[in-house]
Structures are given as C-alpha cells and as structure tokens.
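Here is the structure we will look at, set down as structure tokens.
Here the chain labels run A, B and C in written order, and each chain numbers its own residues starting at 1.
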Amino acid sequence: MTGPLLEVDDLQTHFHLPHGTLRAVDGVSFTLDAGRTLGIVGESGSGKSVLARSIIGLLPMAQARKAGGRVLFAGRDLRQLSEGQMRQVRGREIAMIFQDPLTSLNPVLTIGRQIVQVLRQHTDLSTAAAKVRAVELLNEVGIPDPKQRAGEYAHRMSGGMRQRIVIAIALACNPRLLIADEPTTALDVTVQAQILDLLRRLQDRHAMALILITHNLGVVAEMCDDVAVMYAGRIVEQAPVGDILERPRMRYTHALLQSVPDIDNPSHARLPVIPGQPPNLISPPVGCRFAPRCGFRQDRCDTDMPPHSEAGAHHRFACFNPVPEH
Amino acid sequence: MRRYPLPVVVSLAWLVLVALATLLAAWLPMQDPTKQSLLNMLAPPSLERWFGADSLGRDVFSRTIHGFRISFAVSFGAAAVGLVFGGALGICAGYFRGWSERMILIGVNIVLAFPPLVLIIAMVAYPGEALLKVVLALGIVYIPTVTRVARANTLLFSEKEFVTAARAAGMSDARLIVRELLPNLVPVLLTYFLLLVAVGVLAEAGLSYLGLSVPPPVPTLGQMMASEQANALEAPHAIFFPAGMLFLTIFALNLVGEEVQRRIDDRAGTA
Amino acid sequence: MRRWLWSVAGVVGTLLAVSVISFLLVALLPGDVAVLILADSATPERVAALREQMGLDQPLHIRYLQWLGNVLSGDLGRAIHSGEATLDVILSRLPVTLELILLTQIVALGVAMPFGIWSAYRRGSSIDTATLVGCLALLSTPAFVVGLFLIYIFALNLQWLPATGFVPLHEGVGANLQGFVLPVVSLALIEVPVYLRLLRSEMIGTLQQNFIALARGMGLPTWRILLENALRPSSLNLITVVGINMGRLMGGAIIIEQMFALPGVGQLLVQSIYQQEYLMTQGIVLFVATMFIIINLLTDLVYALVDPRLQRDGGH
C-alpha cells in the first residue's frame, strides 16, 4: 500500500461550554506510515488526549464539535463516516488503550468474556472459537496460566497484568493502528519497561503502527520513530526522534528537554522549570501560544502566529526565534 | 444573589398559600366543614362551593383546607419529634462514642427491623388521643434515620483538628456541641425536615384512609377520600380535588427540598 | 468465617429484640389485659380462664418466656371471635401478599430499568428531564391515591378491570391476574421513581469509567455497551434496594390490600385492629417483622454472591 497509513490534516476539535468555546485541538496535521511509531508529547492540557480521541471519534457527545479538518485512514476520511461505519473501524482497524489499567477493565465480567465480546463483534468466530482465541491472546501478552485467568475477574490482578490484558483486548482483531494514551504512566518503573517491551514486540509481530501519547521523554526516546510536540492544541515541532532529542529548534521543546533531570548533574543543581501555566484554550493568546512563558520572546511572537519552517528532512517547527543550528 | 428557578418560586408560592390558608382557616370566609346539607348532596363544583359537596352535603373545599391542618400538624409534629430526639441520640452516639454509641446503634437497628407502617399501625392501635398517638408513632419511626444522619455528621465533625485542639484547651463538651457542632448540623437537618414533612403528609393521608388517624367529625384528607369512594363515579370531585391538592402540595415540597439539597451540595463542593 | 458468625448472632439478637417488643405490645396495654382481649365476649368466668391461661398473675419475664416458648412451637395465639389459630390464618393469607409483592417488583423493575438506562445514556436530554419530573410526581403521591385514580378510570369509567374482588389462582390464572392488575400498578408506580433514580445515577457513574471508554473504543455497539457492560456493575445497589423493598412491602401493601379487598396479611392486620383482636395483631406484627429480617438477610446473601469483588479466594 502506498502512501501513509494515517494522515491528519488541520484537525480541529472544539468544546462548546457555557462560558465559551474551548479550542482543545486547533489545527493539527501529521502523517504516520504503517508500522511506524509516533510519539505525541505535551503537558497536561495540551490537547493530546483529545487529539487521540478525535482520531478514533470517541468524544463525549454533548459538548464536543468536530470543528474541521480531515482524518485520512488508509485513504478514507474518518470524520465523514457515520457512527455505524466508525464502529466498524474501531477495534478492527484502529484500537485505543488508556492510562489507568485499574479502571480499564469491567469489574463484573470475566477477563475472557471481555476479549470474547470484542472478537464476536468484529469476526465471525463462534463463541467457543473466540474463547480459544482469547486464551491465545492472553498467552501472547505474557499472562501466565492464561486459561485459568480467562475465567477470573480483574480485581485480583496487578496493574501490570491488567495493562497486558487491556493490550490483549486491543489487539484481538489485529488493528493496523494502536493509539496508546499514557499506557505506562500509572505503573511502576520496572513494570513500565516490561509493558513498553511488550508493545514493541507486538508491534513488530503484527506490523502495527503505534501512536504513543506521553509526557515522559524517556519513553519517547526508547519507543518512537518520530515525535510531535504539542502545546495548547497545536503541534509546535515535529521530527524524527533523534532530531527532536538532539537538535530541538522550537523553544518549548528545548525547555522541555532541559527540565528533564540529568543524572550527571550535581545533585544540588536547581531543576530548570518552565515558568507560568499553559494558556486558557477558550481565549488563547494571539500569536505564538508559548510566547507568554518563553524566555526568548520577541515582539512579533506576541502578534503573529509563527509559520512552520523546515529544519531538514521531516523536521518542522513553528518558532520565530528558534534554537540556533550548530 | 442567584435567581431561583421558576418551578421553585411557584412551589414556594403555593406552599405559602396553603400554609396561610390552613393557619387562618378558622377566620376565612369558608363554609363550615362539618355542616351537612341534604339539599346539596354530591353537588358539583360551583361558585359558592369551589370543590363541590360530598355525599353528606359538606363543602369539600373547606374540608380539604381543614384536613390539611391535621396533615401539617401531624407531619410537623412528627418531624419535630424525629429531629429533636433523633438528633440528640445521633449527636450522643457520634460525639461520645463507646458504650452509649453501641447501645444507641442497637436500638436504631431494632426499630429499623420493623416495616415502618406495621409499627405505626401497631402503636396507633393503643387507646389514647388520636393526634398525639399518630404524631408519636410517626416520630418514633423517624428517629432511627435521623439518628444515623446526625451521628454520621457528628463523626465527620469530630475528626476535625480544631475539635481536638479545643478539648485539649479544656473546652467543655457542652459548649463544643452547642457552639460548634449544632450550627454545622443545622443545614443537613433542615433538608431532612422538609423530607420528613413530605413523608409525614403522605403517611397521615394513608393512616386517615384506614381510619386510624384523627377520627370524624374532624376532616382528614385520607378519610375524606375513603368515605367518598363509593360515589366516585357520580361525584369524582369529592375525591379528586382533595387528592389533587395533596399531590400539588407534596410535589411543591419535594421541588423545594431538591433545590435546598442542591444548594447545600454546591456550597459543600466549593467549600 | 468469623464475620459470618457475628452476622448470624446479630440476626438472632435482632429477632429476640423484635419478639420482646411484640410481646410488650400486648403486655403494655393499659388496664386489664384479659378484659381488653375478650372485649364483648368478656364474662367473669372467661376473664378468669384467660388470665390463668396467659399467666397474667405472673411476673413479666416469666410471661415473656412462656409466650416465647409458645411462639417457637408455632402457637401465636388465637382469634377471640373465630377461635382460629393466628398462625394458620396468617399462612393462609401469605400467598396473596407474596404474589402482590412479587408482581409489583417485576412491574416496577420492568418500567424503571429501560427508562433508567435510557435517561442515564441520554443524560440532560428532554427525555431525561421529563423522566425525572415524572419520578418526582410519582414520589409526591401516596399509592392509594394512584389506586383511586386507576379505579376511577379503568374500573368505573372504562370498565376494563375489576375494582375489587380477588380470585384465587386455582380458580383461574387469568381471573386471578386480572384482579391484581390495578393494585400491582398502583404499588409499582410508587416504587418506580426510587429504582429509576438509583439505576440512573449508578449508570451515569459507570458510563464515565475507563472500561466503558475501552469498550466503545473497540467498536462495541451501544446496546451491547449499555446492557452487557454497563448494566451489571450499576445494578448491584439496586439489588439491595429491591430486597429491602420487598421486605418493606410486607407492611406497605396494607393500604392497597385494604382498598382492593385483597385477602393478604396487610388486610388481616387492619381487620384485627378494627376488631380489637389484640392477640392477632401481636402475632401478625411478629410474623411480618420476622419475614422482614429474613428477607433482608437473604438480600445481603444474594448481593455477596453476585458481586465478584466480594468473593474471597478459595471460598470458605
């Protein structure tokens, strides 16, 4: 198949609230090829979770509005599909897993049943065949004694094991794209490594593209091919992972990298933090949205929105006063 | 000051109207509620008789208003009994803990082991003055729930730091309870009061339907409906006007109660 | 295991306390108890005989123990006028009340569940608001007023259904059920708002959970999500309330039974009070309270069985 698997073009998602319209995703564009991993990085409130849910169409119905843009998945614009058509895509072609494994599983259904119901929805496996497949999937994600576990309930299992089960459910129908929203944030550090490792292996085995949403740059470094940095509803820099980590251009990206503690620094060194708060997305600042907190602000940053500039192959950023090249 | 939603305003207005009518019933220019009139038996509603007349020719409107007097007397009385005794027991249990708490909880559970209506009916079966019996019986049934609520809130309050500090500084229990605890409990108990009144009016209607409330010739809402049941087809007004008033009044009480609850929750949320 | 023993001890203790109160119901009657019980059939000989039979000259605690012994062997006293054994009369009436309670729960849940689920799903919509207003209205009226209204429309005006008149099951299921329609609907409509609001509020909470988002994300259709994934965790509290309600209805159906002339336990209680049959009243109160306690206990058991989180590893 030629062309990217996923192409997001000027995506906008707004929430109509009583006191104004919250522009959670305000013009996001990126592409993702089959089998590749894209990391989406940003602070809380940057819009990354809303972006993920916009792709898969899982917004709370009441206030959200699809305000504009296209989401082309294998050539089809998902934004144009009816809910019924979208339900065919969800689970079968695109799957999503969430941050908190402790609440991601239904407490009153057995593990096996939760996998089987997905299989029965998207395939024509019989219940018996689906049960067998469910056990295979549990085995694949590294659950010991899978046949026994399939008949059990989630509440006795650890966070790491639950996240594996969630992954098993997500992968049940071999989706081509998996969106993982902070999949390791709620887990212990050692378990985090195991889950990431699992994701990588499964990705290779199933030739699956992965969108990894996180605020943890270490995870990004380890897992991602490309990285998009989000701030206040927009992507401010996008590049292959090496470029982002070593040659960031946009000031926000640079500040983010600076604020990660460095083990080689003396222990009493102060941790550089980014001062201030992310902007109010109902009335965002005119001009560059990071400008109020930026240490390298110039006058035009307050008045004009910086356009996207190129910094080499596949490296785009939006900054009037970027980090100089060296 | 926030504006009140329209349904709440209308409800409050209605409740005030009914309350005034019942309080001033004796002086209002209404027909005598017990005066029978063979001429007017089952008369339909008219300008002189807003709700028509019942099977004995008595004016239904006047009887309804007087019936509400009993309903309110019973429900307010019972609610007061429930709140005073239930509140005291709950505060005792929650504040002093230990042996008294255990005893009070056991007592609560025992009373709660009876289906409420059964207990009320059994207590009302005793000889005695009807109004007092009904108020006491209903009040006793209210006590356990109020005790639980008061105890829960007292426990929450007692765990706050300044209570320990005050006691360490030698403040007497009585002062603490009166000065600090009670003002905190009042809003909670106030919503409960509205609920208990609404339930009380419903309960009294049921009891008087069975003939177990204040006996005739004093008009009571349930008893009015019971005695006119045989003539329902010819004279529905004798049943459904009182029923309608009953419904509207309790509905208004419930609406106001929910609004009060919402405001208390809001304040608790932002506190 | 020990927790279980403590609960059983608690139940036994409560039953004993209930028995004491029931005993006192008659023992505390002011005046000469024997005279009051015999009422119009009181003659000096009969009064003396009853005094001896009830041991009225003995101290209170002896009388209680004697009475308790009788109760435990099934003797709840006799009706003065008819001479029938109280327990027999109660048991003959019990099926009617049980049928009323069961049908009421079925109808109430049958109405409350679909509306509750839909209101939670479409929270804030006009259907939701209308449903909530309807609930508030139903909460604002006593069951017997609903009953009167239904009688007026369906029995008197339209004449579709009988106003009173009970037909026992063995004389025809159709006729029997016909006689139950109006009373069951009256009672059920009063229960609906309680169940509906509880289910709705639990569903709203459940639908916000991550596992529902995951199910939606995996493309499961709405009906599957509502019925197979969201309903079960939301119904657990409902089970408890239904159980407690069934027990409470043993007493609460009194007025409806009276109004529709259904020969159930509640109507028996009212009759016994009208006829000043104090011994029978006592027996009924004890019986109904005991049933209430037992039903509550069974409800707790059912809840523990149904919620997998309460099951322990390996069982006890």
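Just so we're on the same page, a residue touches a chain if its C-beta (ideal position, glycine included) is under 8 Å from a C-beta of that chain, and two chains touch if they have at least 3 such contacts.
Keep in mind the model is a prediction, meaning the values are calculated, not measured.
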Label of the chain whose CA centroid is most distant from the centroid of subunit B: A
Most centrally placed chain, judged by C-alpha centres: C
Computed distance of Cα centres, subunit C from subunit A, in Å: 53
Length of the line joining the C-alpha centres of subunit A and subunit B, rounded to whole Å: 56
Subunit B-subunit C separation of Cα centroids, rounded to whole Å: 23
Subunit B partner contacts - residues on subunit C that touch it in the complex: 14, 17-18, 21, 25, 29-30, 136-137, 139-145, 148-149, 151-152, 156-157, 247-252, 254-255, 258-259, 269-270, 273-274, 278, 281, 284-285, 288-289, 292-293
Subunit C - residues contacting subunit A, complex: 124, 209-211, 213-221, 224, 228-229, 232-233, 236, 307-309, 313
Residue ranges of subunit B touching subunit C (in the complex, touch as defined): 106, 109-110, 113-119, 121-122, 124-127, 198, 202, 205-206, 209-212, 222, 225, 229, 232-233, 236, 239-240, 243, 246-247, 250-251, 253-255, 258
Complex interface listing, subunit A residues touching subunit C: 56, 58, 62, 86-92, 95-100, 103-109, 117-118, 121-122, 153, 155-156, 166, 169-170, 172
